[in-house]
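Given below, in the form of structure tokens, are the structures.
One chain, chain A, links the two complexes that follow: it is found with chain B in the first and with chain C in the second.
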Partner chain A sequence: MNHLLKYTLRLGDNALILGQRMSEWCGHGPFLEEDIAMANSALDYVGRARLLYTYAASIDSVKGRDEDFYAFRRDEAEFENLQICELPNGDYAFTILRQFLFDHYCVLVYRALSRFDKPSDQLPGLAAKIVKESSFHLARSTKWVQRLGLGTIESNLRMKRALEELWGYTREFFDYDETDRSMVSIGACPEKEKLRFDWSNLVEKVLFDVSLKLPESKWEANGGRQGVHTEHMGKLLAEMQVLQRRYPSLSW
Partner chain B sequence: MNNDELDLWEVFLRSARGIEHKHVGSLHAANAEHAMESARDVYTRRQEGISIWVVRSKEIHASQSEDSEMLFDPAEDKIYRHPTFYDVSEKLKL
Partner chain C sequence: MVKNMEKIGQFERKIAEEEKIEPKDWMPDKYRSSLIRQISQHAHSEVVGQLPEGNWITRAPTLRRKATLLAKVQDEAGHGLYLYSAAETLNTSREEMWDALLDGSAKYASIFNYPTPTWADVGAIGWLVDGAAIVNQISLCRTSFGPYARAMERICREESFHQRQGFEIMQTLAKGSEEQREMAQDALNRWWWPTLMMFGPHDAHSMHSQQSMKWKIKRQSNDELRQQFIDQTVEQADHIGLTIPDEKLKWNEERGHYDFGEIDWGEFERVLMGHGPCNQSRLQARQKAHEKGAWVREALSVYTAKEKRGDFKIMEREAVNE
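This part shows the complex of A and B:
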């Protein structure tokens, strides 16, 4: 599999798996307006996965694949999303903090991809579109981090707990392999140290301003890019894929 | 979270350039920024608008129904205030 296809599928997998998680909030949000906003963002993520998978199908040397193939007919080890995307939602602090940490990663990664200079290719255009919605997601999740961080003793405590749990998973953002390095070399992906610097700068500032200290734990997640997942991934896929597995090619 | 802790906001949307903002509904939010974000998700996700206004509901002063007689009834018999008594030239008619 060539690096461009692999990289595109990984982005698609991140979007689909997190979108699936976020959509679990539908009907369970803390209040009506937030429920709609979260479901709306979830749809943005799922829509993003569709765009990326459709593009991937167009460059996949195996013909006849489509977005449904990538979403519904691949097994756990074939999904190369980052593990942070598949973690269960937890409480709203955990959900919001994950969105914040991941939205910022998305803005940086897709911005670089949108500047990828490859004439007549639709990928930079897709990325530019995604940067717009990601920027809104980031603005939204940043405000929520501030509200919950500065809210009550309880909300601050829950944010602290969420940060402890999530921090090690963010290390995976910077766990580059040869596919990422190949994308860096053609100018379609931020250099690792640049990504780490830009991401840390904003994230640490926002967290510091709401008195959330970075965890001291040095534990780091890894393996998502190689198809190694947490115990939560299997159940997520089972739920997401059950209809297509039971009734292949079923459509509405 | 309890909705009681959040203010009620009225949302106005402008659907196209040159058209005025219209009231589309209300929502709960902590402050203006939050109201704006929620309005975007609740009221514009199907491309309904290109501009949003949000106003705290309690900042809106409404006429009271018991004042209706005093406020509106006097206009009932002032038909001369309608421009229907003038003959409009054919050339001006659309």
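This part shows the complex of A and C:
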């Protein structure tokens, strides 16, 4: 599989798997306006996955694949999303903090992709649209990090716990492999150290301002890009893919 | 006393002349309380109604269906929001209405107390339940209270998309494999009668109907609306080759309508009184979300108060001084 295809599918996998998690909140949010906002963001993520998968299908050397093939007919090891996307939602602090950490990663990664100079290719255009959406998501999740970080003692404590759980998973953002390096070489992906620097700068400032200290734990997740997943992934896929697996090759 | 009679006279003249009653206008207490009851029930139905279809968001069979369903369920929450706002113009608060939903004293549409065991239920809800809701809501676009009428116009536009997507799901299943066809027919069998019950008791037995019709809160009777729904839906079912589970269903040339079998009013009463398959779980899901969200709402309100007081500006200044 060529690097561009692999890279696109990984971005699609991140979007779908996190979108799936976010959609679990629909109907169960902490209040009505927030229920609507979270569902709306989930919808953006699912929409993003569809765009990326459809693009992937157009460059896949195996013809006849489509968005639903990638979403519903691949096995766990073929999904190369980052593990942070598949973790169960936890409480609202965990959900919001994950969005914040991931939204910022998205802004940086898609911004580089949108500047990728590949004439007559639709990928930079797609990425530009996603950057806009992600910037909006980031503004929203940043505001929530402030509210929960500075709200009550309880909300601050919950944010601390969420940060401790999530931090090790963010290390995967910078766990580049050959595909990422190949995308860096053509200017479609931020250089690893640059990504780490830009991401850490903003994230650490926002967290510091709301009295959240970076965890000391040195544990780091890895392997998502190689199809290695947490124990949660199998269940997520079993649920998401159930109809396509139970009744293969039908129209819905 | 004379002044009061004048107010009543003016109110009744407006109703007679099809002028909308607006929140600032004088209105009889009973008109106000009837509207609060009806609009808040309607709002509750939207937010409880998120749950049965929400049950399939994570399992929708294609990405297109997933996106559409998610958007639809989100729309329902949005409808809840407009309706709570419309009710608030009558001098009640969202908190009061929400508390009444959570403590079980307020009602919501009984139809949402039925379960969604298969994907075809998502189609059936869109096609039948939203279809029935539209018949009712189109009629309510002419309701006498302005904010309610305007909320209904907006909601009707979105509901017609919902109904179409539900019908399309059913149509796709009906012309799919044998298993899919059975799934669709089974869902129609389960949803048909509860959908007819959505229009409420026969006119002769409807508790609130007469006064509501007089005040033009309600514009058409339960039986009229039910008949209208049946007439339009029979043809749709025929079109996609599904069979409506009513042996007595038959075109009546003389009436110009379909005749149909008797509704099981015992079942209607049981579900209304809380004994439907999902009464407990729907309410619990709402209570649980409310309880789990309590600390989030509290943090938000504390943060907002601090922000208003300017606490964070002081912090910023201190940070600069350091």
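The rule is simple: the second predicted complex is superposed on the first by the 248 of 252 C-alpha atoms of A that agree within 3 Å, B and C clash if a C-alpha of one lies under 4 Å from a C-alpha of the other, contacts with A are read in each partner's own complex, and residues count from 1 in each chain.
Just so we're on the same page, contacts are C-beta pairs under 8 Å (C-beta built on N, C-alpha and C of every residue); 3 or more make two chains touch, one makes a residue touch a chain.
Predicted, not measured: the structure shown is a model, and the values here were computed from it.
A.B. asks: Counting only touches as set out at the top, which of chain B and chain C does A:Gly90 meet: first, second, both, neither?
C.D. replies: So A:Gly90 meets neither chain B nor chain C here.
A.B. asks: With both complexes superposed on chain A, which partner does A:Val242 reach: first (chain B), second (chain C), both or neither?
C.D. replies: A:Val242 contacts chain C only, not chain B.
A.B. asks: For A:Ala139, select first, second, both or neither according to whether it touches chain B, chain C, the two together, or no partner.
C.D. replies: In the superposition, A:Ala139 contacts chain B only.
A.B. asks: Should A:Ile36 be classified as contacting the first partner (chain B), the second (chain C), both, or neither?
C.D. replies: Both partners, chain B and chain C.
A.B. asks: If we overlay the two complexes on their shared chain A, which of chain B and chain C does A:His28 touch? Say first, second, both or neither.
C.D. replies: second
A.B. asks: Touching A:Gly227, do we find chain B (first), chain C (second), both, or neither?
C.D. replies: neither
A.B. asks: Check the contacts made with chain A and report whether chain B or chain C touches more of its residues.
C.D. replies: C
A.B. asks: Counting contacts the way the document defines them, which residues of chain A are shared by the two interfaces, the one with chain B and the one with chain C?
C.D. replies: 30-34, 36, 40, 92, 147
A.B. asks: What part of chain B is in contact with chain A in the complex they form?
C.D. replies: Those residues of chain B that touch chain A are 1, 3, 6, 27-30, 33-34, 37-38, 40-42, 45.
A.B. asks: Taking the touch rule as given, give the residues of chain A at its contact with chain C in the complex, in rising order.
C.D. replies: Of all residues in chain A, those touching chain C are 16, 20, 23-24, 26-36, 39-40, 42-43, 46-47, 49-50, 53, 67-68, 71-72, 91-92, 146-148, 150-152, 154-155, 158, 209, 239-240, 242-244, 247, 250-252.
A.B. asks: Enumerate the contact residues on chain A facing chain B in the complex.
C.D. replies: Listed in rising order, the residues of chain A that touch chain B are 30-34, 36-37, 40-41, 92, 136, 139-140, 143, 147.
A.B. asks: Give every residue of chain C touching chain A within the complex, in rising order.
C.D. replies: For this pair, the touching residues of chain C are 47, 50-51, 54, 57-67, 70-71, 73-74, 77-78, 80-81, 84, 119, 169, 172-173, 176-177, 179-180, 285, 288-289, 292-300, 302-304, 306, 312, 319.
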